[in-house]
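Read through the structures below before going on.
One chain, subunit A, links the two complexes that follow: it is found with subunit B in the first and with subunit C in the second.
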Partner chain A sequence: MTTYDLSTTPLREVNTALHAEGLSGAHVITRPAGAHNVAVGVDAPVKITIEGHVGYYAAGMNQQAEITVHGNAGTGVAENMMSGTVHVTGSASQSAGATGRGGMLIVDGDAAARCGISMKGIDIVIGGSVGHMSAFMAQRGRLVIRGDAGEALGDSIYEARIYLRGTARSLGADCVEKEMREEHLEELAGLLKAAGHEDDDLTAYRRYGSARTLYHFTHDNEY
Partner chain B sequence: MCGIVGLHLRSPELHPHLGELLAGMLCEMQDRGADSAGIAVYGDPTWSPPGHSTVSLVEPDASPEEVAATLSATLGTPVAVLVRDVTYLLSAEADPEVLLAAARSAYPHVLVGGFGVDLAVLKGVGTPTDLAARWGLAGAQGWQGVGHTRMATESAVTPAGAHPYAVGPDQCMVHNGSFSNHATIRRELRAAGVAFDSENDTEVAARFVADRLAAGADVEEALTDVTRTFDGFYTLLVSNRDSFAVVRDAIACKPAVIAETDAWVAMASEYRALAHLPGVENARIWEPEPETVYAWTRETTREAALA
Partner chain C sequence: MTLSAEERAQRGLRESATFDRTTIAAIQRAAETGIYDIRGWGAKRALPHFDDLLFLGASMSRYPLEGYRERCGTEVVLGARHAKYPVTIDIPVTVAGMSFGALGANAKEAIGRAVSAVGTSSTTGDGGMTPEERGHSKTLVYQYLPNRYGMDPDDLRRADAIEIVLGQGAKPGGGGMLLGQKVSERVAGMRDLPAGIDQRSASRHPDWTGPDDLTIKIAELREITDWEKPIYVKVGASRVYYDVKLAVHAGADVVVVDGMQGGTAATQEVFIEHVGIPTLAAVPQAVQALQELGVHKKPDGVQLIVSGGIRNGADVAKCLALGADAVAVGTAALIALGDNHPRHAAAYEALGSAAGCYDDFQDGQDPAGITTQDPELQAALDPVEGGRLLANYLRVLTMEAQTIARACGKAHVTHLEPEDMVAVSLEAAAMARVPLAGTSWIPGVTA
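So, the complex of A and B:
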């Protein structure tokens, strides 16, 4: 196991080490003190543990790695993740999982505004609530919210699926509630299990997605 | 971009360390704005001596001795002048409005950084790290402080364009963001007789809040009025002689983090500015909700301390 103390080791040195060819094993980053860009761009089947709060874009562009943040994360945690897992034990700021293409982002606490904005295949499981405009223009992937959602959930959504246990303050344009069929219950059960919430009552969740009325220009869309 | 920081100390044991803690917060936010900076410190016994009122004059065109002599003669009571970089801190045993009027009358073209009975405002052009060193911020004491690191987007890089905007007695505002309808509101305030020092958007919000407070609103009402009147992106930190308040716009794209312990309440654009505060590892840390006013007062703080 390799340990990096961010109070004494420059961030660039740590990230460079995490980008080494053929990287393996477990890596621990201590005393991040809210630093930005911690463990970004990793592309290796490694385990990375960050002991403390991180700033912007932590674990961004992750591929393959299993990254745990023991603390809160700032703007854009796991943004554009391709594969692997990012787990935040605290809460996440705005744009968590933005534009993510694959892998899973788990936040045990809340996520702020624009969680899953423009998600393109990532799975996101939020233990608490999400802020306004979450899943804005989401294209693919699944967003599970165990708490409530702020205003305009799923605004201009394409084909992502949203599972919400609590209530949304409002739904965004073209986002509608959809039937929870057997395949959706199965899918939700799998996501909750992967995030450590297998005991949740699946029937308490509702599914939301696109009404598909914004896909093409029609005169009905005129103001 | 800009960065804002604020620290409201509940524990008197921390009062001697206010400047040191605030300097750490301010300098950590230098990455967010390095063209100018400003601070307001509440309760430093040297910068705003107890029993005196204090007025900050930024870049006065007269020597400190001359300013002291002129204003002492005008007021008929001794006016002391303490120089901190380009700011003169005037203090006298007089009503703050009286000291302010005398300073404005003697030096009508000089920028007033702030005024009150408990508040010292310092601002200038340069990096926050250099300015904090020149001010001797790390040695300051007090019960509350705020700071701003500026990356100018809509008005000149001058001391007048630097935050805080401390335009009402013991009031102070720092802002991370930009207002889009400030020109309209400035015109309305000017028409109502309010004078401005700069073309800065934040000054408009500060004068709007001061106007509401003077009309009898409390801080929460005044800031709720801000959310209804101003358009743009903002996280605002508004301090007063007895309060500390935070509000964000509806979109909430400008960052803000609040942390609270029994010993202090702190706010910053980013968590890293709070990472050195004592006991932060056990603090309650959260991101303020859009269009929600978060306010603390010294009274509730004292009650909390006694409880």
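So, the complex of A and C:
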């Protein structure tokens, strides 16, 4: 196991080390003190543990790695993730999992506005609630919210699926509730299990997705 | 029977200057369809432009370089401020970002072949990097746009530079559009969207909103790529002075300023013609910002690339003289590939347009095979021949700029300076901040 103390080691050195060819094993980053861009651009099947709060874009563009943040994460945690998993034990700020194309983001606490914005295949499981405009223009992937959602959930959503246990303050343009069929219950069960919430009552969740009325320009759909 | 202009004049018929026939047709189109007009190309209205500037060739007080013998350098280094591997281009003309999706694969390949032949760079667009594009472009700039379609860290690492796009001259403040006709299975697959739907790109980045955030975003991209690549920031010309200052403060190595004549594949007509400022007005503002920050024309400074309506070597030379380090061409590159060529006249007319007027890049029915995803239409563009034509055009731009630079006594095209020029209109003098010809008067600067 390799340990990096961010209070004494420059971030650039830590990230460069995490980009080493053939990287393996477990890596621990201590005393991040809210630093931005911690463990970004990693492309290796390694375990990275961050002991403390991180700033913007932690684990950004992750590929393969299993990254755990023991604390809260700032804006854009796991943005554009391609694969692997990122687990935040606290809460996440805005744009968690933004534009992610694969892998799984788990946030045990809440996530702020724009969670899953423009997501493109990532799976996101939020233990608590999400802020406004979450899943805005969400293209692919699944967003599970165990709490409530703020205003305009799923605005201009494409083919991503949202599972919500609580209530949404409002749904965004073209986002509608959809039937929860057997395959969706199975999908939801798998996502919850992967995030450590296998005991949740699946029937308490509702599914939301695109009404697909904005897919072609007409005089009726210009917001 | 349609009356000729002369017949109308003989009958005393007078068209309204306010409601001319183009305006009347636009009102009728809006009434019939109930939706705004979407088209490609850039602003078509007359604007103060580089034509209103002239060079003061050398004579007694300055002496020129020999036109064919003395060296006049054209190479430019971009992004040496922070990047481990700055970009060196052999000529001061690059090809602007145009997406795979907006353009077909043959057009992207032709552009790649051309830039590699002349030693300059091409740029991806909103839609990701194709293997063909990477393969054919020796130097490729990877755009990082609000929608992040096809955004892949492996492509970031494969790129020679990264361009964060905040806007473009045709539509500062607006997002892109790609109508369903052009969203083929391949295009849709690269963008993680269903095929055949109208794609609206966001106008803001999803994970940052202001200059302070941009600072962190630039740092992230540097960290991901181990500080190897220059980071460009592209803005559509509007509040250029402030935007350039903020971009430099945020850490940009290169700033790209795109004036309102800059093209687009698809945007609302009202946006193209009424938002943004002319390229001529944008360049001095950008240069002032760089000068005040002490990063203009310095080896470890910030370089300026200007685009929007660059057509010939004189435009290139005028841009450089105003303080740009390089220019980018988009619309002109497409024209060099065959866009709006008279040989397609019949096909354009069948589409309700005409050679010289065709701007429906959004429809995907381009007879020249450039702005289309239809394999049959794309066959009209041979990428090898297209690459040859565009390379020729880029060479001509460079030779023309060198011709002017030598005439002004400059051993490198980037040595041209505002002092080498005068303006022939008050507007151009005020915007470009050079004297009105025959006077020492710069409106707004000198008394």
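By definition in this document, the second predicted complex is superposed on the first by the 221 of 223 C-alpha atoms of A that agree within 3 Å, B and C clash if a C-alpha of one lies under 4 Å from a C-alpha of the other, contacts with A are read in each partner's own complex, and residues count from 1 in each chain.
What we mean here is this: a residue touches a chain if its C-beta (ideal position, glycine included) is under 8 Å from a C-beta of that chain, and two chains touch if they have at least 3 such contacts.
Computed from a predicted model, the values in this text were never measured in an experiment.
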{"item": "Which of subunit B and subunit C A:G55 touches, first, second, both or neither", "value": "both"}
{"item": "Superposed model, subunit A: greater residue contact from subunit B or subunit C", "value": "C"}
{"item": "Touched partner set for A:H132, first subunit B, second subunit C, both or neither", "value": "first"}
{"item": "A:S91 touches, of subunit B and subunit C: first, second, both or neither?", "value": "first"}
{"item": "Partner chain in contact with A:A112 - subunit B first, subunit C second, else both or neither", "value": "first"}
{"item": "Subunit B versus subunit C as contact partner of A:A33, first or second or both or neither", "value": "first"}
{"item": "Partner chain(s) touched by A:T75 [first = subunit B, second = subunit C, both, neither]", "value": "both"}
{"item": "Shared subunit A surface residues [contacts with subunit B and with subunit C]", "value": "36, 55-56, 75, 94"}
{"item": "Of subunit A, residues touching subunit C in the complex", "value": "11-12, 15-16, 19, 36-37, 40-41, 43, 55-57, 60-61, 63, 75-76, 79-80, 82, 94-95, 98-99, 101, 114, 117-118, 120-121, 136-137, 139-140, 156, 158-159, 215-219, 222"}
{"item": "Residue ranges of subunit C touching subunit A (in the complex, touch as defined)", "value": "33-36, 38, 147-148, 151-154, 156, 179-180, 191-194, 197-198, 200, 202, 206-208, 213, 216-217, 219-220, 223-227"}
{"item": "List of subunit A residues in touch with subunit B within their complex", "value": "33-36, 53, 55-56, 72, 74-75, 90-91, 93-94, 112-113, 131-132"}
{"item": "Residue numbers on subunit B that touch subunit A, as the complex places them", "value": "251-253, 255, 257, 270-276, 285-287, 289-290"}
